[in-house]
Each structure stands twice: as C-alpha cells, then as structure tokens.
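What follows is a pair of complexes built around chain A, which joins chain B in one and chain C in the other.
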Partner chain A sequence: MSISTQTSGDGQTLTIRVQDRFDFNVHRDLRQAYEAAGKRFGNYVLDLRGTTYMDSAALGMLLQLREHAGGKRQAVRLTNAQPVIRDILAVANFDQLFTIE
Partner chain B sequence: MNDTHSVIPAFVTLAAALCTLLVAQPAVALVCLLVVAAVWKWDGMRARNTAVNEAEANAQPGTEAYDAERVELLHGASTQTIRQLQGDMVQIRELIRSAVAELGSSFDGFHADAQTQKSLMDEAVRTLANGSSEAGAGRDGGDSVTISKFVRDTSSVLQGFVDNAITASKRGMDIVNMIDTMNTQMTEIFELLGDVKGIADQTNLLALNAAIEAARAGEAGRGFAVVADEVRKLSLNSAHFNEQIRAQVENAQSTMHSTRKLVGDSASMDMSMLLTHKSSIDGMMKHLSSLESSLNGLIGQTSGLTAQIAERSSNAVRALQFEDIVRQVAEHGEKELGRLENLVETGVARWSSHALDESVEQLRQAAAALREMQPRKPAHQATMSEGDIELF
Partner chain C sequence: MPRTTPAVADTFTASNISRNFGDGLVALIVDDSEIDQYLVQRMLLDAGFTVEVASSAEDAIALASNCQPDLVCCDVRLPGADGYALCSAVRARYPDAYIPFLFITALSDERDLLKCFEVGADDVVVKPVTQTLLRAKLTAALRTRDMHQVLERQRDQLALFRTDVQRDMEIAKTIIDNLGSEKTLALPNVSYHLQPMDTLNGDLIIGGRSPGGAQCFLFGDFTGHGLPAAIGVQVVHGVFCAMVARGHAIECIATELNRKVRQLLPRDRFLSAALIEIYADSGTISVWNGGMPELLVCSKDGRIKKSFRSTKLPLGVLPADEFDATPTRRQLHEGDSLFCYSDGVIEALNSAGQMFGVERVKLALTAAGHDVVEALCADLERHSGATPQHDDVSMLHVRFEPDIMRARHDQHAPVDMSRAATHWHCCVALGHDALRSTDPIPVVGAVMDAIQGFGPRNDEIYMVVSALFSRALEQGLLGLDASLKCDQTGFASYYHQLEERLTGLTDGSIEIGFAHTPDHEGGVLEITVSERGRAQAASASLHDNSHADLEAVRDVCESLELSDGGRRAVARYRWYKG
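Now for the complex of A and B:
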C-alpha cells in the first residue's frame, strides 16, 4: 500500500506518507486516510519523501485535503519533496496554498 | 677681372637682401635660398669651365665681352629658375585646392552619415525600450508585438493552462468523491434488497403453510387454498422483482465505476510536459533580458562613438581652412618671385648700360625700396594647431 498514516503523540497532527506514484490510483486510500478518523486534525503533514511522480490529479487531491483541513495555508504541510516534485508544486504556485518544507 | 668679380657678389647681395626681406616668410625664403644656391653653384661651375675652355672661348677673360656673356648666362638661368618656381607654386596651390575640396566634401559626407547613424541608433533604442519595458508597451496600447511581449503572453497563457488543469482536477476529484459516496449508498440498497428478499421468502413459506392447513381442512378450506396459492405467487413475483432491481442496481454500479475511471483519467494530466515548456519559456525570458541589456549597452557605446565621429569630422573640416592660408602664402611667394625677376632684369640692364659701378649701391636701394613696398605678411602661423584659424 502506497499510503501510510501516523498520528502524533498529542493526536493533533496526522502524517500521511505517499510512496512512489502519487496519482489517481491512490485517491480512495488517501481519502480514507484522512477521513477514517472521523474528525479534523489541527495539522496535516504530507510526507513526500518517497514520492517519485505526481500528476494533476494529485494536485487536485492536495486541494481536497486542504479543503478538508479548513482551507488555511498553515493547515497542510508538504515535506521532504524531491526536486522534480518541488518543480511541479512551483509550477502550480502551491507555495501560496501550502506550507512547503 | 674686377668687373667680373663684382657682378657675382652683386647677385648674391641682391638675393641675400631678398632673403632678409622674406626671412619671416619660410616658403619664399626657401625659394630665395634655392635661387641663390643655384646661381652660386652655376657661377662656380661656369668659372671652372671658363678656365678649362679659356683657349677656345670667344671672349677673353678681363674683356667686356667675356663679362657680358657671363652676365647673360646668369640672367638666363635665374630667369628660367624663377619662372619654373612660379609654375611649381601655381601647381602646388592648385593641387592643394582640389585635394582640400575633395577632403572637405568627404568630411561633410562623414558628418552627415554620422548624424544619420545616430538617429538610426536612437530609433533602435526607442524600439528596444518599447519592447522591453512595461511602460513602453502600455504607451503603445499593447498593439505592437515584440518578442518579449510574445514570450510574456505565452508564459501567462501557460500559467492559465496550469491553473485550469488543477481546477479541473480538483473538480474531477470532487466528482469521484461523490461517485464513491453514491457507491456506498448503492451498497446500502443491496442490503435493503436482501431484507426485501427475506420478506418474500418468509411470505412464500407462510403461503406454503397456509396451503397445507387449507388441504387439512378439506372442503371447507378450498377457498383458503386458492388465497394461499395467490399469496405464494405474489411472494415469488416479489422475489423475482427483487432480483431484477438488484441486477439494475448492479448495472448502475458498474456504470458508476466506469464513470469514476473516466473522470479520474481526465483529471490525471502529466505535469512533466508542462514543466518542460515552463522551463524553456523561463530560459527564453532570461536570454531575452540579457540580450536586451547587452544590446542597450552596445547601442549606447555606438551612439557615443557616432557623436565622436561627428565632432572629429567637424574638427577636420575646420582644419581644412589651412588651404586658404597656404593659398595666400603661395600667392605671396609668386609675387615675390616676380619681384626677384624684376630685380634681376634691372641689375642686368644697369650692368649693360655700364652703370655697374653704382649698381650694387643702387640694388641695395632697390632692395630697401622693396622692403618699404613689402605687403603685409599673409600668415604668421607655422602649424594648423596654433590656436584658432585666422581668416583674412
């Protein structure tokens, strides 16, 4: 499974790790990953360390996650993105919508 | 012999006097010196030749005829030299005049070309400025198409394309979410259908029991048996409809699955192609701006050079006024040569009329008279760089 989750000790932050290809095929798993808890976390971290590919569907899913998280720039953090993924995020101007680390 | 010796110094004295007169006039002074040198040398040669050919000479030394011949020869030679010099002066004057005219028109052409070049450069700078600065594009109402404007437009079109693609993907993902929700709801329909089937099965069983009880009742239960049979048929029909509904919902679910896949595919666009385009446009912009700045620099330099060329050709045209001075100097020289010739004629005439004894003194007086007649010197300058040009 290319999606794995981890909840922080204080239960405030949900970290989702996307492995390999981040595209339409992970949609259902990703949605389940952040909706399964049945509540909204204060912070969401999308760890892109193992992500090697990202298409426009993935960008749409990120926007959905942002919407789910409340629509604030600080609510979703995109971390450890590789250069090619960083370029895609830059082309999409996502640095204005997300906290990219 | 005394007479002979007094003739030559007379010429020398005459020439020297003229040289003194003209000493401040280098060109003419040079001519005089040449004349003196020529006469002196000619006299020396003549003297030697005379000595060698003494036996053959028609006139004997010490005789008047001998002296007359010498004077005549000197007279002829100096007159010829003076006329040749006059001709040379005229030729020099003419050569300088035509060369200066040619140079002047060339420099005028330079100047005009430099001005044209400068205005072209200014035009180029304006065009470039219009193309590069936002203010320039705004001033033209955005009508003019420049490369950098085209690249900017392309860049914004591409950005719009990216934004649209992301928005469409987001909507597609929302639709997929809804389809997933509908799918869940349909699964609930299956559960309900299961309940309905249970009820039909129970009804069927119930009808069967009723039929059995009706048969046991005999004739009295005949009517009830008919009802029980109808109820059983209804339960079978109900089960059949149930199956049909289930099949239809399954079809709908399969259609929704296909729809989900279609929406997902349309929402999935490879971003790497966009990245390539974007980076090539960025590179082009960078290249254009560096090109523009280097072009601006070069044009600025060229413009400066053009101004310099214009100034230098103006200086050159100004410097060409030396022709005027040279002409006047040459004319002056020609006049002086004319006087020299007259003086020689006078000296020879006096000598011929046996007035030589007084002639040296008279020549001095004539020279003094000439000095009195001396016209104003045409120019004092030795070089063109000596201050401003003096026109007269």
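Now for the complex of A and C:
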C-alpha cells in the first residue's frame, strides 16, 4: 500500500506518507487514513519524501484533507516534497493554503 | 437416445459431497461398452443429473449439437471417430461455454493420457471407475464451471456497463460540442489544438470578443476527466460567454467563475485556468492565471520577452471573500504573440518515460517562420510515438495583430433592426463607493440592449462608452497621467496607482447618459459622460483632446464635444436603417 500513517507520541499529530504516485488511485486509502482515527487531530503532516508524481486529483485530495483538518493554513503541513512535486504545488499556489516545508 | 430420469436414490453418500450435486444438469455419456455405459449412468443419475447416452462419437456429436450438455463423460476408444475427436468437436461447437469434459478410459499409457488434456479435456478417470473418485472429480469440474459462469456474468455486466458509460459520454460530448466553444476560436489571429485523451475533454479553450473591442480567452484544465469535468465545462462556458458579451472586465469574470465553480463542484474539484483579455487599440493585455503553466509572450523576432506565471489559486478553491481577482497587465506590441499550453503538453511521455518538457516548447516558440501550434503538435507526436496519452493536451496561440483583431464593421453599414427605432433616454450615475464595486459599462449596455439594441453596431457603441468612461474615471476622478501608459514600467505603475487611488476615493461621481432620437435614415444616439470630482484632482491629460482613445471615438462618431475643462464629453453616434 502506498499510504502509511503514524501518530505522534502526544497524539496530536497524524503523519501520512504517500509513496510513489499520488493520484486518483490512492483516493480511498488516503481518505481512510485520516478518517479512520475517528477524530480530528491538531496537526496533519503529509510526508511527500517518497512521492514521485502528483496530479490534479491529488491536489483535490489535499483540499479535502484541509477541510477535514478545519480549513486553516497551519493545520496541514506538506513536508519533504521533491523539486518536481514542489513545482506542481507552486503552479497551483498551494502555499497559500498549506504550510510547505 | 432416450432421456433417462434419476432412479430411486441409493444409500451412497460421500462425506463432503452434496448428494444431488447434478440436479438440473444434463450429462452426456459416451461409451461403446454397455456395462461401462450403465455403471457411469447409474452414478450420474444418483447424483441428480439428467443423462443422455451415446455409443459412438458421431451419435454424441448429433446429440450435443441439438442440446448443449453441462458435462461430458467419454471413453477414448470408440468405433468410428474417437473420444479425442468428440472433445474437439464439442469445444468447437460451443467455443464460449465452459463444458467440463472427463475422459473415462482403460488406457494407461502416459502419452494417451496427455493427449486427453491436449485436445481439451478437464480430467481423466482411469477404469475401473469407483463411484467415490468419479463423484469427487465431477464435483471439482462443476466447481470450476460455476466459477467460470460467475466470471462470465460479471464480464457481461461489465461490458454492458461500459457500453452505458460510453453512450453517456457520447451524449455529453454532443452537448459540449453543441455549446460551440471551438467556434468561438475561429478568429484570424488565433490557432489552437485540443486533443482529449478520452471522449470528453477536461481541458477547455473559449474565445470571445467583448463589445468594447477586446479579445477574451479562457484557457482551463478541470480536475480529472470524464463526466464531472464535462459538467463543469458546460457551466463555465455559459458564464464566460455571457459575461464577455456583456462587456464585463476580466476581474468580474474571474470572480463570477470562481463563485460558480465553488458553488457547483465538490470540494476536491476545481478549474485551473488562465483568463486573458487583449485590447487591439491600446495593446493592453490582462492575464489572470490560477494554476496553469506560465503563459509566454514572444516577440516578432522569436524572443520570449515575458511570461505570466500562475500567481493565484485555481478557480473554485477559495470562498468569494478570499478570492483575488486582480489580473497582471502588460503592453503588447505589433507582432507579439501569446502562447498557452496545458500540463498535458509538457508531461507527455515518450517510450523511455521521459517528459516532453518546457524547453522543447520554448524552442518551438522561438524558431521563426512556422505555425507554432502545428510545429509543436508534430514535435509532440514524434516524441510520444506509440506511448499512450495520459492527459488532455491543449495549446492556444494568439498573435497580436491590431488591424486584424479590430476588423470593425463598416461605419455606414446599415443596421437590420428587429425593433422600431424609438425615442428614449436613460442615465446611470455612480458615486465614489459604487465606482469601486461596479463596472457601469455592462449595466448601461444591458439597458441599451433592452430598449433598442444596435446589433452589429453595439461593438462600436460599447467602445465609445468604455473609452469615455475610462477617461472620466482615470484621468478625471483619479487624476492619472495617461502618458504613463506609453512604456512598460509606466504601464505597471499606472495600473498600480489606479488600484490604489480607486480604493482611497472618498468623493466624486460619474454619470453616463444615453439619449436616442430616431430619424428617417436611422437615428442618432447621444452619449454623455461627465465626471464630478474635485477639480484639482483631474490630471493635465484630461485636457489633451488628441489622446489616442479619443481618436478612436472620433473615428466612429459624427461628433465629439468636450466641455467643462474636458470633464464632460458628448459623443453623437449616427446609425443607418437597413
């Protein structure tokens, strides 16, 4: 499975990793990953270190996650994105919606 | 051969095999030995099968041709054609059905047994036959048959479903085609290419000409493909065309599209889009880019002199109160061209998995002497070869050729009026705060259309009103120096100041009036635009009545009179009946 999750020690942060291609095929798995906990975490981290491709459906999924997280820019952090993924996020100007590290 | 129905049940029951697993099924038994025939028949009848019996392959073929058996048990050695031939014949007769075929044979040579499987048998039972083993093998064969049937049903359902979806897509495609987005691009200075990867395109290009004389374009890419995107295309097309036709500015169009897309589509769907507005007269180009690859401006000599990067979020992402509709403005010069492409162009893969890339696009742009879109399509085809397309591919190339773009109607061409020319007048006055939030041109245009409407002459009338209004607002009320707009840096600062001063405007108003008088030839429309602000605010260029915008007004009007230090302008526009 290309989606894996990890909860921080204090239970405040949910980290989701997306491996390889981040596209429509991971839609259900990603949604399950943050809905399975049955609660809203204080912070969400989407670790993109292993993500090699991202399409517009993936950008849509990010919007859904953001909404789930409460709609604030600080609530979802996108980390470790490779240059090609950074470019995609930059063209969409998603830095206005997410904290990109 | 007579059909035999099951005899009285005997006492045999295998531990884990259902007693009547052959219920409702027809078994064909083929054996020239009457004893073997009888033994197998007994066992199958006990299992619930309806049994048909034949002593030769020829008889069996005749039986099987009339009625498809569910199972065949057959000896290899038969008088005449052998069991192998029968197996092949049954398989040939029912190529799509799964009919378990068991050989029951006394042969024990491995080559003979292998041949059974080669001709298509499912299993072999070596004589003497024990009831337990035969039942076990039959059960296994039927299990495979059941599985095959389930798969077949699912395959058929899937095929049916595919046909349904395909038909829905075709209908959606017809509707989209009938909208006529492509027709809006039939402009002499425009070339484009739309190549959907599927029936329906998630990319869209729409063109339009505003009544004020601007060419407007929407170049967009919906999230995903297929029906949801097609529904979005329909909505966007309607809003864009209507607003361009009414003369709305690009900011208003962007704002409305954002509102509409956000209102209608689910949260994870949006429209990456570039909105473009080009005025032939002034050369002003305004671009709003939310999520599209950079738009490139190329000069006549093949130099990329400017790019409009995406600086906004795509349409439909932000709520109305957070949406930023401010476009970027630049100046175009004759021979410049604008090129837009969707990410499907640069992400197109070749057989080695490499992307087409931006550099190849730029190379094609700067190589002179060819049609850019045509050349790029050829490059793309060479690059991709047989590699399947995985995204919609779109390009738009707009050449800035003011004379072609202007192509105004002949001033004296008669107007075919559907309504009688009448006496009427109207007046709209906007105060300083209303000017911040309302573009009055579409408003007065709608009033004019509703009362009279001048068909093909609307363009010119809109141009006159727009020019006089802009002058009253920018040079009059806001005191901006029109000469600033002459060069690239001044141009940017002009619009920056415009934004700033409009926000800070605390008094003043602008009045736009129409008065129409019919006569025997047609009629005269008097257009009055007057500005009431603090006199000292007005820029010196308000007095410059040779300004280019005014020249264009003079070109199409019978007369233009300026009074009150240039703050009041009255244009008389004459039209002729058809």
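The rule is simple: the second predicted complex is superposed on the first by the 101 of 101 C-alpha atoms of A that agree within 3 Å, B and C clash if a C-alpha of one lies under 4 Å from a C-alpha of the other, contacts with A are read in each partner's own complex, and residues count from 1 in each chain.
Going forward, contacts are C-beta pairs under 8 Å (C-beta built on N, C-alpha and C of every residue); 3 or more make two chains touch, one makes a residue touch a chain.
Just so it is clear, the structure is predicted and the values come from calculations on it, not from any experiment.
J.: Following the overlay on chain A, give me a clash-or-fit verdict for chain B and chain C.
T.: Clash - chain B and chain C, as placed by superposing on chain A, overlap.
J.: By the touch definition at the top of the document, which applies to A:Q96: first (chain B), second (chain C), both, or neither?
T.: second
J.: In the overlay, answer first, second, both or neither for which of chain B and chain C A:F24 touches.
T.: In the superposition, A:F24 touches chain B and chain C alike.
J.: Would you sort A:L78 into first (chain B), second (chain C), both or neither based on which partner it touches?
T.: neither
J.: In the superposed arrangement, which partner chain does A:A69 touch: chain B (first), chain C (second), both, or neither?
T.: A:A69: touches no partner chain.
J.: A:M54 contacts which: chain B (first), chain C (second), both, neither?
T.: first
J.: Once the two structures are fitted together, what part of chain A is touched by chain B and by chain C alike?
T.: Common interface on chain A, chain B vs chain C: 24, 55-57, 59-61, 63-64, 91-93.
J.: So in the complex, the part of chain A that touches chain B is made up of which residues?
T.: Within the complex, chain A touches chain B at residues 23-24, 27-28, 31, 54-57, 59-61, 63-64, 84, 87-88, 91-93.
J.: Which residues of chain B touch chain A once you look at their complex with the stated criterion?
T.: It comes out as residues 159, 162-163, 165-166, 168-174, 176-177, 180, 264-265, 267-272, 274-275, 278.
J.: Taking the touch rule as given, give the residues of chain A at its contact with chain C in the complex, in rising order.
T.: 24, 55-57, 59-61, 63-64, 67, 90-94, 96-97
J.: Tell me, which parts of chain C touch chain A in their complex?
T.: Against chain A, chain C makes touches at 221-224, 267-270, 272, 290-293, 310-314, 317, 343, 391.
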